[in-house]
Structures are given as structure tokens and as C-alpha cells.
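By written order: A, B, C and D. Residues from 1 in each chain.
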């Protein structure tokens, strides 16, 4: 159920509506819009009767929401959500934002040189993992706190914003201190305790699609965050697991228009994981932008052959520079531009 | 094994090489190139010794081919194959070719009006099924011979070339009489008897990827056709079957750069089947072109709600016209143009 | 729609019902049962009105069929179909039938020794491919006519019935001359022309599930055969394609109870393709019988390491003998026995 | 690398070996066996030279381990791991253990009556969720602490051991106080922080396979737990996500023999999630036992139609009783028995 308030609603009228929702035993969620404010209702098991709401002063209409995800759906909020990621960096509007950097932060030299290079090519954000979830307990698990410090240093030196993964609630406070954008990895898409914890923050979150998550499940995971009050969620398509073995994953290009149609949240694409084979990444990056992605996440490493993780899918500085040339051209073709490009 | 002939090889020298291959019990395949001619060898179980060939007059080199697919691989033929589909219509070069039309030919009025509309929007080929493979024996199976006749009439009226599916060897002679481009459907990708039969023709073939075929299996299926002497093969990505149920299939955008890297054959994309939901098709069509597709196959119907098959994924005339505007812009962004656009 | 006739219906009354169905433009299918005869109606697009039928003499009831597959559904025929495969060999009743033999017929010595060995261990049918659909055009494609002759010889020598694959309509008459049971391979499950052709025969057909076919699609493929009048269809689960790479396919054990619940047709299991790794085959063979399979198809070879195809999943004679010991014990545990055991 | 000690090794000799491993910068893991003790080495990036170890007193041999998972592999420990779950309840030996109960603990009456009923039918453990990970934030999330208290009460009343899910590190201490067997759910199979936390306990852990986890990934997840010193890990196959929609998941029966071959750990099967359709569960339970499963996890509810979660896959008391009859017969057929049966 969604209650649309009139443009001229008073603060008191709005409060009355919220109170009435609570009286019924449900939870009201205020959803500010550019045209007008709406109030989403959750917590109901069956249908809620719209009539009493329609009769309240300040209420324009009360409508049912057909999807199981509510607050993240376009039904509830038709206009695109635009996030202010940092000074002058708005995501979800005409500008496409590119985040680039290594899979893992490995050394001061590595992260500083990469930050400088990707910035020169047009990236506006630096990606890099400090806490790395790895399939094997014997693989490199990241530099942890030291990695975060290096990311902070690279941010100061380059002016790029930092996106880095948070892998559990224990390290969340520490990661949240450094990260401008908190990444929830694919394996944690349904780690509901972690989703609830980032839902309590008022900080942008990049939610990666689980390896075998349906789009509906991904939107429900986003709903966990937004239901706690954190509206700054970015959905990220990063490839799904299929029978094809020539590529690491199958980048689900369909997901981009489908997510844009179902939800008002911005959509990122991660072609590095989505293809997993260096040669195919620039083509899929261009494709994602052509399909409507609002941002890209690209793995770049000074020397991919020596990377401690994901070397096969990391681009060199010059490969990334060439990728950006192609991305800018396609962005222009779909009426957009690349921020910082 | 691939034998590269010298640019100045004589006809007699070439014949000697071919004869020697046959003496060894193998089959020689002459592969003409713009720079020079090569001879592929198939039929060997283990490795073939390159030395005796290297010593023959007219031979530049003899090299092993690492992939299980041989004649369709880029190792064997590094330059792109360009096919002459019809007068002035070349596929695989700078121009992107769009084929559009209904899933099934349903009536004279339907196919003629569609041909006219899609031509006006920039299509150069008309698609339409006369023999329809259907999941249920009780569904509409196509107009068969009458459908072919209507396609031929629409071609005369519009000047568009015709692409239509051949579903078995029995109807192949009949379909081949009408079709400018013979389509092998996804369910028949590994119908080897049908592949061998179209391999005997000297006519362009559009080979659709099977619903759960790997890229390697698709290239092996193409090899069946080329090994019989028909080099005019087009690979077509049309979506694979995955766990996602919101879309009909998952369009494998990765397939486009991977196929272009592994093979010299032109690559088509079929976003209509790849998404299966009308709203997502234009985005995926643009994405396919951004990723390097050489052509598109789009389902268009005068009245999708009344289509006898695939209505949910058929575009109206005006939706198709809008799609073409987007496709042309992206084509330009990747340094190409749309034929007839 | 299904019309249930009264046990005391006269031949004339039945004919009147069939004629009335034809008058309406539909096709009647007589379905004999042990208790009473039914008449299925196909060819209708929407619902058929049951009332006029209910009023006809000899008619007990007329009921709607909810599934898209009709003649193969349990709604239409509640009791199990029991097929007479050969003298004294009934499939679908209490006895479980095991077919064993090599992937491909390779030589006289190979097929005769295998027939003798698998018979001694309790198999009642000999499997062996003469026409082999292979992923690569350069792989061994079977001994073709010579292979069929060797199978016939092995049958005479051993008394085993022969199951062998038919890969196209061209070779169907030849294969049908030798085969006691015609196998439609996984790649041909939706080769509708071939399904229609075997539907015209009155000969048992083993229909293998396609690599990515849903159970519903498999039942629709069986419907193609039965709708042409050939009721002797056996459904065969042989593993589906998933993301798991440690095994060749994922044997879908769920398919066995689901198919038995949805359809009256007998169900075979092919653990050799379903696992594809020798060590796992006996366990999955036992599991299939525990889940309710009516028959097994097992690959056995005198020397798997030298097999021209599928060596990794072929059992030796003694491995097969051990498998049969386990299968017999599990069959007894579920109240059945192994024919010939 | 695995160092096999001589049966007559002294405590001092063993300590010397462990110290030498640490000197090299690696971690020694003592693996007690019935015949002799072994020491696994982890933490090495490349190969470790076996020669120095072979020369040490008390060392029988030093061998390389080819699999990426080490401590859980059969290479490292050839004999089956047998776990003492409770007094007189040993898992991994000849007896098969059945855990049954509702998806969620819903009320005192519900859990007590279920415990009594499943015990009467032969179950030895009670399953029931108190902390429920749910796809939607608006669905029932379990009774939490109250649910644990009810499980403890049901244990006292029935004598059944309790298996319940732990969904995050925050609730682990609380859950560990009640659970005899800690369940890690499918969505948490790669929640590495949680795996490490249960790895610090000395308590049995049931690790469920992730929805799209390969067997190799599952074994690596188990390795995370064992590498921290907790050897009491049970692997649980619960179905994987595939394209098939008629069943909730595809139970991977192949996983059972493959896991038994690759690892020494006991293997459970969860047919309730693996099929997800009530009618198919008994057949798949029998199949799992026929394939070699050491235990079963079955959802049972007093009134499935009113269950707050998973009603469609919950059995009634009498359906469960019938299932156990079938399971006992199949267990006997494979030379085993059902504990408590």
C-alpha cells in the first residue's frame, strides 16, 4: 500500500497519516519525491483497506503495490533516484560514473599508481578490496585495516571517492569510516544481518547481485536496506552462474532494462566479473552503457599477471584508457556523458 | 593442421598439396583468403607431422590448430568473413544489417504491411516463419508452403531479402527455394543431419545457438556446415536458459566478443528471444551493437496482442522505428553504420 | 477434454461420440483402459463444452484436462501404462528392466562379448549406438548399417532385445528394422519431425530428456508421439545441464517421482549420462530404482579406456555385475524385482 | 602436503615435526586417525619440499595433496569420519540418522507435538528454525530466543537432539547454547566470517550447500571450518538452482557419491528443500539413502497448510511415518539401519 500525499499537505496532516498507520499495527515509510511525498506501508500480511486513507485530509490517493518489493519499486516512486555520492558527483542522472581499480589493495605503490592512472583516464571512483571473501581459506584475504588506510591515502592523493567491500558486521564500522560507497559482495547479497546493519547507516551502498539470485530476490535484498531507512542503494549486475564455462560468469544484460523498469534505484554494471576474460570486458562495458547502466565497476591493475587475485580479468592502464574512449562514445550515443570524462 | 600457401603458389603446387593430404587418408579444405590461400586438414585422429608439408614447393608454413573447431576458427582464418547476402548487402563489414518481421507469417495483409513498415524504418531483411517448431503438438505450426509464397510476394513488393527457418531436411528444398538466408533454429543447433544438409548448399545459413549450448558447441555445429563446403555461416546469439524467470531467456552478451575473438564468422543477435519481454528489447538491441554484433533479428508485428506466436516479445511498428533510432546512434558510436538506415 | 465411457458402452455408441467430436472440428483419441475406455479430444483452441457429451448414451462423464499435455497425463489415464517390449518382457509393472551395453557398437567381438556379459549379470536388453550424433564432425559417427547388423547378430546370439538410437528421419526405416526399442536422443527431444515420424510407427520409443528441457517440455514431446497414435512411449531421465562441472550432467532424481505423478508412462533412468563419472554410477542407479524408476540404461564396455566414445562413463563387466547386485537389493526394498535377475 | 606419522611415533617426535612446520612459516594441523596420526600443512603458496620431513624420526611419509581442499579430503584422511552427536548417536557409521521437524518453531504446542510424533516414527533429532533468513524483510523471521527455549523444552520432553540454524555471528553464542547440531544455511555457505566463528567451536556443524555452489566450493567452505580446528562438520546436499520450475530446486543426487569419494566427512540429504513439492519427498529420501547418505533432514508439520513457512514441502505426521517405512527398507538393502528405527 502506498499513500500519495497532496502537494499542499501540511506537516500535521502527514503526521496524522503516519500515526494512523501505526495504529493499525503497520510501519509507515516516508518517501520524499520531487513532485510530492508518499508514505509506504509495510508490515501488513493481507491487503490494507485504502478507503479510510483516501478520506483523510492531505491525502491525494492510496494505491496497492503489486510487487513483493515495495519501497524500491517504481510503482511506489516513479522517478529515478539520484544519489549524491560526493561533492559534485551525482549518480542516477545524465552522468555515468566509472569506478576502477584493483581487485585487492596489495601495496602503497600499487594503489597510488592505479588511482592516478584511472583518474587520468576518466574514472571518478577508486575500487579496491581490503577485506576479501575468498573461496579458499588459504588464499590471500586482503590487507584489512592497512588496506583501508592505503585507500584513504589514495583518495587524498587523487581526489577519487573510494568504493570498497564490507564482508561482515564486525568490520562494518571500520570499513564505513573509509568507504565513500560500501560494497556488499555477491556472496553476501542475502546475508540479511549485514543488509540490516547497512540499512541503519545513512551512507551509499552498492549491492551486488548474488551468483544465482533472481532479479526479484535482488530487489528484495535492496528492500531490506531501504526498509531500515537507508535509501542510498545502488543495484549492481555482475554476472550470474550458468552452464557456460568459457567465461567466468554470464553477464545478464537483460537485468539492466528490467531493473530500471521495476525500480527507481540506480544500476551499476561490473563487466570484469561478468565476463572474467580480459578480452571481452570493453565490449560488455560498452554494452552495459548502451543498455542504460548508470555506472561501471572495472578492475584495473598495474601488472595483471602479478595480481594476488582476479588477474585474468584485470585490465592494464592502457587497456582501461582504451575502454573509456569506447564508453564515452556510447554514452554520448544514448544521450549521456561520463562524469570526469 | 593448417597449411599456409605462398602468395605465388601455382595451381599445380596447390593440387600436389591436396593430393598428398588425401594420400595420408585425410580431407583437404581449401580456404581462400584475401592475402593468401590456406588448406585445412581434417579427419586426423592425432597430430599430423608438419615437416613434409613445409618442404613442399608453394608452401609457406604448416601450423597446428589448438581448438577442436578448425575451419571456423580465427587461428585458421584471421580476417573477418564478409558475406554477400544480396545485391549490395554485405554482412561482416562496417555495415550492420537488421532483419525484422513477425515470428510467424499469418496472412498476406500481415506480412506485406510488416515488410513495408520495417523497410521504412531501416530493415534490409524480412524475417517470418512458415514452418514453426512448437513445444506443443496442438499449437499453430505455421502456414508452411503458403507462408513461403507470401514471403516471396513480400520480397517482391518490398525489395527486402527473406530469412526464414528450415526445420527439417524434408522441407529444406522447398524452403531453400524461397529463403535468401536459411535459419537453423535453437532446437536444431545439434540436428547434425540438418546441418550436413545445409552444408551441401551454397547458400547463407543463420545458425542460432541452442538453449543450453556452450559457445564451443555452437562453433562445432558451425564446423559441421563449413566442413561440408558451405562457408556462408552466420552465428546467432539468442539467449540461453538459466534460472532467471522474469525474462524468457538470458541474452548472453559475453557471447558476442567471445565469438568474434574465436571465429571469423559474422555474428547476429536476436534480442527478441534473448529477453522475451517487449520493454527490454530496445536496450538489448543497442547493447548487442555496442558489443560488436554484425546484425540484428527483431520480431515485429502489426498487432502483437493478436499474434499467433511470440506476441509478448513482438514490437509494434512504431516501437521498432524507435529501436532503430537508438541502434543507429550506437552503431555510429562504435564506428559503424546501419545498412539502409 | 476427456470423455469417459461407461463400462457397458456399445461399439455404436462409442462411434457416435467419436463422430460428434469430428463434427466439432476436433480429433478424437481412443484411450483403452483396464476398467473402461476414454476418448481424448485435441485440436480445440479454447474450452470444449462438456454438456452435450454427458447427455450422449454410453458416456459416463466429460472432464476438462488442466495440463497442456493431454494424452500422456495421469488426469486422462490414471493407471500406469505397461508396455510389452518382447516375449515375456513387460515394462511398467513390478519388474525393473535393465538395458546395458556400449555407447557405440565398435566391432563384432566387442558387441558379442558385451551382450554375453551383461546378460549373465541380469540385463534383458542390449544398448549400443550405430548412428551416433557427435558434437564434432571429426569424431567417430558410428558404424551405421554395419552396426545395426552386429546388433541383430548379438540379439540372436544372446536373446537380449536391442535398444538403439535413431538420429534422423532418413535412417528411421533402417533403424526400425533392427531396433526392438527406438531411442530418441537428448539432442533430438524437440526434433518434432522425428517425433512425428516415430509417432506413425507402432513400436516402443525411448524418449530421452533434452539437456535443458523442463519436465513439461519433455511431456509435450511425448505428446507429439502419442498424438500420432503411438502409445508405446518411455520417458528417460538422463541428467540436465547445470553449473556443476565435476560431473558431466546433474541427474535430476526429482524427475522420477514428478514424471510418475504427472504421467502414466513408464520412466527409465540413464545414470551413465546423468553422472558421467564411473565411480558415481552405481550409487545413482540404486537411487533411481529407490525413487521409482521402471528401467535403467547403463553403459558397459569390455575395455572402457579404449572406447571410441564415452569411455569415462562406461563400466567394466565386473563393475556392472556389482551394480546389478546393489540394484536387485534396492528393487526388493521397494517391492519390485529385476527382470531376468 | 600431508605428513604421515609412524604408528610408534613419540609425543616428542610429533612435536618436533609440528615445530619444524612452524619454522617454515606454515601451519600444522594434527589429524588423528584410527591407524595412525597425520599432520596437514597449510599456509604454503607453492609446493613444500617433502624430503626434510621424510628424514625426521617418527615420520612414515610426506605426500602432496592434489585437491585445493586439504583437511576435508580423502587423500588426507582415507577413513570415514564418525561423529558422536549425542549419547549413543554416532553419525557416519552404519546407522543412518533422521532429523525431522518444522521449518520454523511457531508455538509450544506445535513443536512439542511434532517432537513426539517424529520420535515415534523413528527420528533421533528434532529440526526447527528459531532465526529464519527470509527473502523478504516483511516475512516471519522466527521466534528467535523464544524459539530456542521451546526447542530446549522439546528436547527435554522427547529426548531428541536439536538441530537449528545459526544465521549470523551475533546470535551464534545464543544458538550454540541450545543447539546440539548447528546448521549453516544455504545462503550462508560462503559467509566466511560465520564459518570461521563456528570453526572456533568444538561442536558439530551441518553445512548446507549453497544454491549455486559447486561441490568444490562446498568442500572449500567446510575447509574454512576444519582449518580453525573444528573437525565436526557434516556436508548437506539440499538441491541446487536450475532452470526447472516444477520443483523448488534440483536435488543433486550425484553429489552424494561424489562427496563421499572426495571427502571423509559424513553427508546429509535434505529432500524437503531439494524437491520442495510434498509428493516427491519420500521418493528422494529413499534415493538419497540408496546413494549412500548418512542422514536425512525432513520437514514435518502438524498442519502443513497453516505453516508460517515452507508449508508446500512439509509432511504431515502420517506422511512422515510412511516415509520412514520406505527409508528403513532401503537402508537395509544397502547394508545399513536407521538409528532409533
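Criterion: a contact is a pair of C-beta atoms (placed from the backbone, for glycine too) under 8 Å apart; a residue touches a chain by one contact, two chains touch by 3 or more.
These numbers come from a predicted model, not from an experiment.
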item: Shortest path length from subunit A to subunit C (each step joins two touching chains); value: 1
item: Of C-D and B-D, pair with higher C-beta contact tally; value: C-D
item: For subunit C paired with subunit D, centre-to-centre distance based on mean C-alpha positions, whole Å; value: 37
item: Chain centre separation in whole Å, for subunit D relative to subunit B (CA means); value: 49
item: Numbers and ranges of subunit C residues touching at least 2 other chains; value: 212, 241-243, 245
item: Touching residues (chain side subunit D, partner subunit A) in the complex; value: 42-43, 68-70, 133-138, 167-170, 187-188, 190-194, 211-212, 217, 220, 223-224, 227, 241
item: For the subunit B and subunit A complex, residues of the former touching the latter; value: 212, 214-216, 240, 242-247, 250-254, 256-258, 261, 274-275, 277, 279-280, 282-284, 286-292, 326, 329-330, 332-334
item: Touching residues on subunit A, where the partner in the complex is subunit C; value: 212, 241-243, 245
